[in-house]
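Next come two complexes built around subunit A: one with subunit B, the other with subunit C.
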Partner chain A sequence: MVERSATAGPPARTRPGGPAAIGAAYDFVDRHRVAIAILFLIVLPWLTPYKALAVNILIYGLFAMGFNLIYGYAGMLSFGHAALFGLGAYGCGIPIAKFGIPWFLALPTGVAVAGLAAVAIGWFATRSRGIYFAMVTLALSQVVYYIVFQMVWLTGGEDGLRGVSVPALDIFGLELSLLDPTAKYYLILIAVALALWLFSRILQSPFGAVLEAIRENEKRAAACGYDVNRTRWAAFILSGLFSGLAGALYAIHLSIVPIETLHYFTSAEVLMMTLLGGMGTFFGPFVGALVYILLQDVVTVVTVHWQLVVGILFVVLILFFPRGIWGSLLHWLRP
Partner chain B sequence: MSTAPILAAEGIGKRFGGFRALSDVSVAFEPGSLTSIIGPNGAGKSTFFNVLSGAFPPSEGRVRYEGRDITGLPQHRFAHLGIAKSFQITNLFPQLSALENVRIAGQAMRSRFDMWTKRETIAELLDRAEALLELVGLAARRHEIAENLAHGEQRSLEIAVALACDPRLLLLDEPTAGMSPEEARAMMDLILKLNEERTVVLVEHRMKLVMGISSRIIVLHHGQLLAEGSPDAIRSHDEVRRVYLGQTV
Partner chain C sequence: MSLRLTRRSLLAGAGAAAAASPFSFSIARSQETPIKIGFPVPLSGPYSSEANDQVRCAQLAIDWFNEGASRKAELVVRDDKLNPGEAATRALELIESDKVDFLCGSLSASVQLSVNQVASKRGVIYNSISQSDTINEASDFTKYTFHEALNPHMTAGAVARYAFKNAKGKKVAYLIADYAYGTEMLRGFRNVAKETGMEEVAEVRHPLGTTDYSTFFPRIQSARPDVLVVVNFGRDQLNTLKQATDFGLKQQMQIVYPVILDTQRFAGGFAPFEDVIGGGNYYWTLEDEHESAKRFNDAYRKKYPDQGVPSAYGALGYAGVYGLLNGVKEAGGAKTDDVIAAMETMKYDAYKGAEYFRKCDHQAVQSVLILKAKAEDKMRDKWDIFEIVDTQPADEQFLRTCEELGHKA
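Now for the complex of A and B:
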């Protein structure tokens, strides 16, 4: 669950003056990051106040992981990822609600719609850098918001898309009710687990190495022969696919698609979750989603001004743990 | 008898806003040669180097490589054409290990969008990176991250990174910048060795350093071509002696 796979690094270093056990633990966590992440997510619903909250953590964690691919691993701050998450949700919800298409076709449709949007948005955005990149992604996501907002006949507009009902899944003759929150959680976890495994695989691939190189030194990467903009574009599309999957699962989870999924506040939320957990770490986004959603849940009970309270707590946490919660932990354990 | 040049600059000029850094520089580089571009600080050597290596296009003139016009080609295409460079200011992947620096540079020649293979299973890339580190004398430091290497080691790593694409033409901008005299001499020996298999263009402002190893010298001054010729011809060139006044040429 570390930013870089240990492949090109030293075998096992020992921390000077520190117990070798910590280094060993670190290496163990690094090597088995996918399995450990999945194990954690398997027990998660038994640790949260109620099951629906765990589903939210799972889905937002996946969304933040997709976001982290370009933000943490490739150094591009997108402020428009709500468009990819939201289009994944609508792309999955509309076929179900309006055309009665089964979930197992609607889900990949949502992912594909988000992927196509990422192709288009990324094509424009990856030509710019830094704050301009953030602005282009924000502007384009606002365009998506207003289009969906206006197309009331298809999307439900302001009221959101209703009737995304998938009451039960029929998996090889096995009937599983989605009305049972526990069953729903574990079904969604199957998709998330696959995504985690795929994500880890991508990070370990030659392409993952190129992303690291570009984040480290764009100029040197170009001189080595990498087309930097095309690589950034490819990463943006991948990120869009993961975000879209999260959105599609969200539609099935809620049975509706609120227009807020496309709102720029959602883009800000995924950024906050990633920062809270630790940008550029494998499991940080899930930790961030967990902390953010739990905080929100607890604070909402106390005050309607939960955004203010969570905002202040966020600032304080980031001031003291600029690497994020999981990122700081890893840094501290790092041999 | 003359062979076709591997690289040719034709009437290169470069303006930065109102400032003219280069004017009408034309030179050709023979295959297999080791050419040094010298000149005092601010002469326009790096500007010329950047035009040759594709960092930015010239304001006027053309660059030809193996007869083909490469003026204004995007930077990433150069490595695939067989042109590699090292920078005057150390330009590495600071948080990556020395080994990964070279491995990732070599990977650009074969796997740029492979999202599936595990990178450590591509053995020939690792083997090649190890061999290049060995060549520049960094084998023992392979697992150190680039940022933690000593300055001289970083300069050597730059060379290994540049060599990773197996270039036919190697462009080096002051590879000895900031090095001790012993380190600089070792670097010159290495460059001479690299020249056995490829064409080398070397930028250097310390004239003495390159006199012994270069087959030809090009002198830039105030953005213009002041002189070109064999080291002996340059040594006895009146204008060059004046520019380098007070130094033993």
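Now for the complex of A and C:
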């Protein structure tokens, strides 16, 4: 295994005197991370208060995973990922709502639109570093927000895009209606599972290794002959494709696209989820999305002062688990 | 005899008892599941005081229905956080998990449109209680969509007709919050301005949530309007009026609002609001002329003695739930199609006199009040803040026509 992230230690190494069972379990989870992640997501809807919430966790988990490629693995803090998520949503929603294109064709359209946006935004942004990268991505995403906001005839502007209908599909006599919450969850899970598998392959590829090499020491990676800017650009585009897929699924899930998906607050949310779960870990973003969304939902039902409660909890989590929840867990169990 | 009761024997016994008893029918019905109404409103955030009053008032409509009803109604409240994505998720929860029969609520144009999408696709009736023109239009309307609130067209129209008729001159200026609410209201004012021959001398837009309005006033003052129409909501309204009073704008021009907020008037005192004219769906002194308003106010005073009188936006929570449950009463059950049919034909007097839903767009045809803020020395008591100076009657001529909205006749 080439990568040296928190999830992937060198295989079959046990700490002297350490419990061998934990080490073995760690290796097992690490080796089958995609399968185990999918197994967990299969049972997720029975662990949440209602299925629409589980779908949100799934979608935001995918979004955070895509964001993590840039932030956790390549070490670039993007503050403009809302643009990619939102354009994925509008790119999928507009063909359905305005042109009556079936959702299974609109879905790849949304991903493509987000991908194109990532090509453009990434081209500008990956030339800068650190805080400048964050500022450029933020500025460009605000440009996207403003354009979509003004194009009322196409996007619905401030009212949001409505009319993203997904009629029932007839697959070999079996009717599949996305109005059924369980069917919708598992259909979206299929897309997410494919993305998980692909993401894992990317991390394991030489490209994934180069990405982390750049994060750890950019000059040294360049000295080794890697084109740093192009690698970062490619990572940004890949990240945009995953974020766009998440956005497209969001449009299908809610049958609307709120303008808020493009707001910079969405960029902050995905950063928060990634931090909570554990940056640079394979499954951390899903754990982060789960905790972030579930906590807000449950606390909101109990008190209108949910922001206070949730805020304090987040501060505590970040203070005591700087590696994130999943990241810390992996750190402790790591042989 | 064994005392062990099985479910089967209990059911058999109940069945036999039901068959034997003359009261069987009502007993069996009272054990049915309650009629559930999902109520997503922004309990947290900038409109929380209005939203919380809506919950209080909606509960009164539930109480009204439950008195003597065999099958009870129940309110399921959720915080939509003034966010359409959150509202859509909550609407899904209410429909799929809580299995609500109806939805009512929301306090923003985009939020109500998103709840409307989710509800209508799943065949659930939604009665919206927040201002929007779009929800009446053919693009968003479905047979499950009802709109109890006023819409910007009728509100701005009513206020504009009154204000322009009574204006000292023919010059009008606009100060508008730059978002959908502002734009839709402005359209309504402009229509009437054109009809009545008003001359527009300035249009100034400000971002939502502006705290300093002093930079806008010189432009307006130099245009020398006779009427200044201000369109903004919540805290923005109070901030504008405080600063306009300090700048002496009221001596030079009549300030007019499409919706004047009692909640902000209570928060800000009489001075900023004095002599300002604005529209409203409700004001509590309607109880002097309408039995229904009296009944509503009394129920409110009894249940919430610390809260004084119901606010106009709160009252919409009452009217929205009342409309749905009145439909249930008339239909004799909560079956969706029956309730839609009943609501389309019923006349109801929830809290302000007779209303009905227009067939083509399910807009509640209702009166619009023109209110004028009272000076302190004219107030009867601390709740007496406005005077109803005029009332636009409930009439379809004040709505856009069905054809204009894109509905086929």
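Please note the rule applied: the second predicted complex is superposed on the first by the 311 of 335 C-alpha atoms of A that agree within 3 Å, B and C clash if a C-alpha of one lies under 4 Å from a C-alpha of the other, contacts with A are read in each partner's own complex, and residues count from 1 in each chain.
Please note the rule applied: contacts are C-beta pairs under 8 Å (C-beta built on N, C-alpha and C of every residue); 3 or more make two chains touch, one makes a residue touch a chain.
Since the model is a prediction, treat every value here as computed from it, not as a measurement.
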(Q) Per the contact definition in the header, classify A:Leu333: touching subunit B only (first), subunit C only (second), both, or neither. (A) neither
Self-check item: Partner chain(s) touched by A:Gly208 [first = subunit B, second = subunit C, both, neither]
Solution: first
Q) Between subunit B (first) and subunit C (second), which does A:Glu216 come into contact with in this model arrangement: first, second, both, or neither? A) first
After the superposition on A, what does A:Leu179 contact: first (subunit B), second (subunit C), both or neither? second
What is the contact status of A:Glu158 with respect to subunit B (first) and subunit C (second): first, second, both, or neither?
second
A:Val228 contacts which: subunit B (first), subunit C (second), both, neither?
first
Touch test for A:Asn56: subunit B only (first), subunit C only (second), both, or neither? second
Seen from subunit A, its contact residues with subunit C in the complex are 49-53, 56, 157-160, 162-165, 179, 181, 250, 254-256, 258-261, 300-301, 304-307
Subunit A residues touching subunit B in their complex are 5, 7-10, 201-202, 204-210, 212-213, 216-217, 219-228, 231, 234, 238
Interface with subunit A, subunit C side, in the complex: residues 43-44, 48, 52, 78-79, 81, 83-85, 88-89, 92-93, 96-97, 109-110, 113-114, 116-118, 121-122, 134, 139-140, 179-180
Subunit B contacts subunit A in the complex at 53, 74-80, 84-85, 87, 91-97, 99-100, 103-105, 107-109, 111-120, 122, 143, 161, 164-165
